[in-house]
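Right after this note come the structures.
Both of the next two complexes hold subunit A, though its partner changes from subunit B to subunit C.
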Partner chain A sequence: MSKNIYERPVLRKVVEGIPNKFGSLKRLRPIETIDNVAIDDIINKYGSPVFILSEKTIRETYKTAYRAFSTRYPKVQFAWSYKTNYLDAVCRIFHQEGAWAEVVSGFEYEKALDNNIPGNKIIFNGPDKSREDLIRAINNNSLIHIDHFDELYTIIKLVEELDERPQVAIRVNMDTGIIPQWDRFGFNYENGEAWNAINRILSNGKIDLLGLHIHIGTYITMSKAYATAIEKLAALAAKTFDRFQKTINYIDLGGGFASQNTLQGAYMPATDTTPSFDDYAHTITTAMTAVNFPNNEMPTLILETGRALVDEAGWLAGTVLANKRLADGRRAMVIDAGVNLMFTAFWYDYEIFPVHETSFQSEPTTIYGPLCMNIDVIRKNIDFPMLNKGDHFVIKRVGAYTMTQWMQFITYRPNVVLIDLKGEVHLIRKQEDKEVFRRQELIPEYLR
Partner chain B sequence: MRKLNSLAISDNGFIFKPSTGESFTTNEMGLFIIQLLKENKSGEEIINAIMEDFEVDKITAGRDLYEYLDFLKREQMMD
Partner chain C sequence: MKKKLAQKSIYIGEAILTSYSQIFFTENRILAVVLFFVSFIDWWMGLSGFIAVITAIALSELLGYSSITVRRGLFSFNSLLVGLGISTYFSHGIEVIFLIVIGSAIAFFITIFLMGLLAKYTLPFLSFPFVLSMWLLLLSFPAFSGIDLNAEALYPSNMFFKIGGGPLIFLMDWLNRVFMDTGFDTYFLSLGAIFFQFNILSGVLIAIGLLIHSRVNFLFSLLGFFIAYWFYSFLGIYTGSLNYTYYGFNFILSAIAIGGYFLIPSRQSLQWSLLLIPMLVVITIGSDRLFAFFGLSVFSLPFNVVILVVLYAFKIRYNQTKSPILTIVQQKNPETNAYLFDSQPVKEYAPFIFPIRLPFIGQWTVNQAHNGVHTHKDFFRFAWDFIIRDTASDKEYKNEGLLPSDYFCFDKPVIAPASGTVVAVADTVEDNEIGVANTLQNWGNTVVIKHQEYLYSKLSHLKKGSINVKVGETVFEGQTIGKCGNSGRSPYPHLHFQLQSSQEIGSPTIFWPLSEYIVGDETKLGFVQKGIPSENEAVSNIPASPLLQSAFKWNPGDEFLLQMKSDKKTSDFVIRNEIDSYNQSSLLCLKTGAKLYYENNGKTFSALNYRGSKRSALFYFYRSLYKVVLSDDSNLKVETHFPVHHLYRFPLLLIQDFAVPFGIFLKGNYMLSYKENTQIFNPKQLEMNSQILGKGKQSFFSAQIIVHKNREIEIWLETPKNLKIYLKWENKLV
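== the complex of A and B ==
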């Protein structure tokens, strides 16, 4: 006769209190597959932990976003925000779908060129553009979004040396009701700095001012703020036309759309509170059509949203290393993926699931990563089933910023795989090994 | 044993501790262990009984048992 299935003994105190309005937590359903590929098979072949990206989700999300805007406004262009995830395979999927490249450094610029993006479809943002970066961008007719006066004067000097006319936009910052106000990037609208910058550019006569750019913040859940930004940019465009008879070709609203990851401390889950692409599109396109642009010429609407386009497509699968009890009796679980891979865990309450049903019991648990650091916490307090050492877990919505902000601390960064539309798994970034680091290091002769 | 016997334990794992008015829940394995504790079985005997009835190795069963006993002691539910 076969034996009964074993389940670890559990004892939980019944705590009295006012029940919250959402009732008790639903049982956490395991996630065994991604796009019909077994997570266990991926871990067995590519190791643990492993990042998994879904091409299907990337394309579907992009199409949803593009449809939301293009059905409401005639001229819409997305530019893929490289810093959100600059793995070449990911960038190329977005480029295939029609997105330009939005880069913020010389490194990202080179990646965009390597991904076969023509220079005039690369938007070059950010405060760090070297003289060499600017020369290359000017020669390639890239769209340079000027961040500060020092950059503007470097461009003005370069105009004398180069034959090309720089194609530029200025980044503007302003009060849109969002706190904190991002005023460290670009020229301020309210104090007249933005208008001064436009004057310097257009009175030079050898620089083409094509656009106005704003990026009001990140994880913006109040879509109305974009409408405020559009009104102010339209006023700036009208003033520019009155003075210089120059129309603005495009308005770049940057990114900042929230993904469905819940921020720590939020009362409601983000899946209930985050505006949809349609919500953002409705507010933004309504504002774009309501304001009066000079000559009634509708500028192209450029969007650089990153997080909301790729977060959903990324997963991190791994293995439980240990279970233990903390001093006060609370349960702690140690997993093989920490804040080295999930820097974003500092501000998100990530959703984490077991890969298999192991227990019907759950217990308040703190989930720690494997690093020798006290701050290496993936979830502080989550009602989680009792997984055993060696069991697999998977973390949802990790496509944005993890694979660009990850740290190499005490261990190697893991493999990243992509599941294509046919369900085939491709390795798109190899796990690091000691040779990767040995190559970069030099030992002085006297220490050999 | 005195403390354990003073608990009111239902068949589905609800435990009431009359001395403090506190309530607890436990699972099937917890009930199984409490029952054996009441029969004055030693740790080793309980582990063997678990292994006889359930699909588990000795190390896991022992580790989980002693963690469970720590809980019972911490909550003043056994001597």
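== the complex of A and C ==
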């Protein structure tokens, strides 16, 4: 007979709900493997914490999303939003699946070129494009999505110097019923700025206006808002055709599809509330086919969704550092991954699982990261089984915005590994060490 | 007025000449002139034939029949035979001319009547009118005891002496001696007998004419005749009887008709034409004995009967894609038919011209194809079931697949596979639960679209309430008509797609291939020009290129300037886009009269044939842009055969002409590849490369093509002889 696991005594509030013959036990099932690879093995080999990406999930998610749109609308193109996760390996998987690149800075632009994406398949977004960035983008026939008039003026000036015709679209913002209304990017529709921008571009005669771009917000759970946006864009396209006999070649609906991570304060778990790709696709393609684009020309539909494509594929595995009891008697657990790695923990209630079965009992727990900062909270309150120091945990759905928004703060950033389709683990980003930072830093002579 | 008269006389002249050559199923001028000349070896016979032809043409003009048919000699060739026939019986005289006019008129009216009768079965009337009218006349002849019989034909040497004197007699004697007892004497006599010329010289002249017109026909005439000749001796019948019954031409004509004319000349047509000979021999002997009772000759009756019944048997076949393949469009001669047929990308589906495409957006998978194991049997064997399958997991549903909405195809748009009119809609059948099949309302919610007469498409098992078209509504290709559902006999959501020949829901399926689609994913593009998607194939429609579509969309009457520049000179050709009464589009070079026949089905531009001067720039245009799929997919590669008679010249081509019934050994492989565009949206131009390779990768020429957004086309050609040509195609109005 094996020795029973030691369980500390617990104090627990009675959980409401109808008891059945199993009682009202709330229990987190451990997650021991990802794509049949033991998490323990990964931690043992690559250290703790460690980001784990599943190639299988990435490809499956992409295929689901692409299928949802491409079987409903004849011309669909996805562009991988670099800022969501620009690890080269991840980008290349999306590119292999057929996605173009959507970048928002010169840095991301260079990354896209390095990932062998031809210039004409790069969509250049964002409010910060330097003159040099624009020159390169124009020469490469990239699709430049103009964000403001100052950028437009730069382009108009550049036209005189360069041989290539800039291939542009304008970013439009509008009231689609979403609150908050994102009006800081692009030209506003209601106040006429967008129309003004179109006039300036087409009157110039040396710039090709190809598309209209809109990004109505992020984590949009109301798929109807996209339909409103499409109607307004179609009206703009019709107006453009009336005045300039120029049809719009594509409509870029940006991203903003919600992933299945639950937002803090949400009443229901996101897995029950977020629309699926099919829901988004249905609303968007129905609206695209219902509205009349001028000259009966169906524009290509471009989607830059990032979060919903990669969130599910990312995992963060780590180790419990300590347990403690707080002043009010609440239990607290310190783990080795904090907001330095998961900036996103500020708005998500991440799902955390133990890697092994430890106890059948769970207790309301606050989970803290390892930083010596008060703000370093991963979960304020979660019913969590009692893990001991050295036990492993894994956090689900961390593929989006973690590996790009992470900070080098207090400690180094860890290894990132990718499990390929055959179940082999590849290191795709090495953990940092002091040499990385020493290389960057310069010490003035007098301080040596 | 003068011009009008000139036009009219050219028209009449053509009609007269083709009346002669039409007897050999052709409008070839050279053969026509030879035959015309042969008929005048005896001036009286020639004149009789001529009068008969004039009579028939006059009658068809009087009645206002189609000038195209008149010009092709179809109304008059039977009269011509009657005229020739009468003159062999009676010596010249005014009353005989009167008789010829009457005979010609009888043949003419029988022609009109039989034409109408047989057209319903798309069968030719052949020389039935001649046979029928000749019999009627023959039966009446004994009453005309006052008219002199024609004795000339009985004493041919007298006749030849009158025409050519000593040398001609000598020539005839020499010919007789050379071919004596070789069988060739009978062959030439039989050929001559077609024109009631019972002498070797006529036969030799006709054979030469036939050879000039078509090597295949010449070969078939020999084969047909000598197989019969051999068969006669095999059956123990005196072969000499062919000499005085003059029935030999029946074998010649049927071998030509089946081997080279009504069928595409090939090994199969050869086999068929040879198979028919024994039948023909027996029928000839039998009918000869029967008609001997009435004192009548059977003339070409055996040939007529056999061809008519065999042709009917060929045409009534359900599956026209299997050999023997019938000739749909008659070209210049049989070898041209064979070469053009061979140059099509999917030969067996040549009769299915109207393009039907996939009825959905994106990539779907064939779940049940033709002759499927579940339900596509018997009447419904030419149907497809489509579903959407996840390429990674190979599943067609998410979750457990217990709800219709778990299935990837459920609620996805279904589009019209081609333009047409909605003729039937059912939209009130509930969608089934998974695993349940509603066999009472077998087809569930269904839309039937009429595309052409006898061509309807049916889309079934749609989602209840999703159909957004009404009966009587016209739909365009690609228009959403409803959503995929699970109604009717459908245990799992899927789309049933079939083509049928009537508008009722529940009609049996018909065989019809689908056009321009892609098998597999975009990375390895398996482009299919025309085909039958088979089970488990993942298929999608090919994306169209608006730039190419507009560049190749020409209206009748549009004129273009085709400029040709080589090292030495620059020349301009004006090209006019035309459409004829058969709805056949063509480009006409106004300078040389050369014509490029083409077809544009919306997704493919195909050159069909080129006729006329090869010095026109249009000829290079034809070679470079022989087949263009109007898509801008850079992975696309168009590959097809190129007609070899537009590639090879004298010695090789001549050998090939003779070898056509055994196979086409000359190679011409046309290839077109597309260059990836630097500007994906709103491209200014599209670059393509075309090339024609012969045997062993021998290059005939290569071309670099740029199609501009303003519909101009530029072509840089290079031939192996290092001849560099630049072509520019632009709209003349601009």
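Note that in this section the second predicted complex is superposed on the first by the 428 of 448 C-alpha atoms of A that agree within 3 Å, B and C clash if a C-alpha of one lies under 4 Å from a C-alpha of the other, contacts with A are read in each partner's own complex, and residues count from 1 in each chain.
Here, contacts are C-beta pairs under 8 Å (C-beta built on N, C-alpha and C of every residue); 3 or more make two chains touch, one makes a residue touch a chain.
This structure is a prediction, so every number in the text was calculated from the model and none was measured.
Visitor: Determine, under the contact definition given at the top, whether A:9 touches first (subunit B), second (subunit C), both, or neither.
Guide: The answer is first: A:9 touches subunit B but not subunit C.
Visitor: For A:67, is the partner it touches subunit B (first), subunit C (second), both, or none of the two (neither)?
Guide: Second partner only.
Visitor: Kindly classify A:239 by the partners it touches after superposition: subunit B alone (first), subunit C alone (second), both, or neither?
Guide: So A:239 meets neither subunit B nor subunit C here.
Visitor: If you count the residues of subunit A that each partner touches, which comes out higher, subunit B or subunit C?
Guide: Subunit A has more residues touched by C than by the other partner.
Visitor: Taking the superposition as given, does A:325 touch the first partner, subunit B, the second, subunit C, both, or neither?
Guide: So A:325 only meets subunit B here.
Visitor: Just to be sure I read the superposition right, which of the two partners does A:249 touch: subunit B = first, subunit C = second, or both, or neither?
Guide: Once the two structures are laid over each other on A, A:249 reaches subunit C alone.
Visitor: Can you list the subunit B residues touching subunit A in their complex?
Guide: It is residues 15, 22-30, 32-33, 50, 52-56, 60-61, 64-65, 67-68, 70-72, 74-75 of subunit B that touch subunit A.
Visitor: Residue numbers of subunit C touching subunit A in their complex, please.
Guide: Touching subunit A: residues 360-364, 388, 390-393, 398, 408-409, 411-413, 478, 480, 522, 541, 543, 546, 677-682 of subunit C.
Visitor: Would you pull the subunit A residues touching subunit B in the complex into a rising list?
Guide: Counting only subunit A, the residues touching subunit B are 2-14, 325, 329, 360-361, 388.
Visitor: Show me the residue ranges of subunit A that touch subunit C in the complex, using the header's touch definition.
Guide: 56, 59-60, 63-64, 67, 70-76, 98, 120-121, 141, 143, 167, 208, 210-211, 249-250, 278, 282, 285, 289, 297, 300
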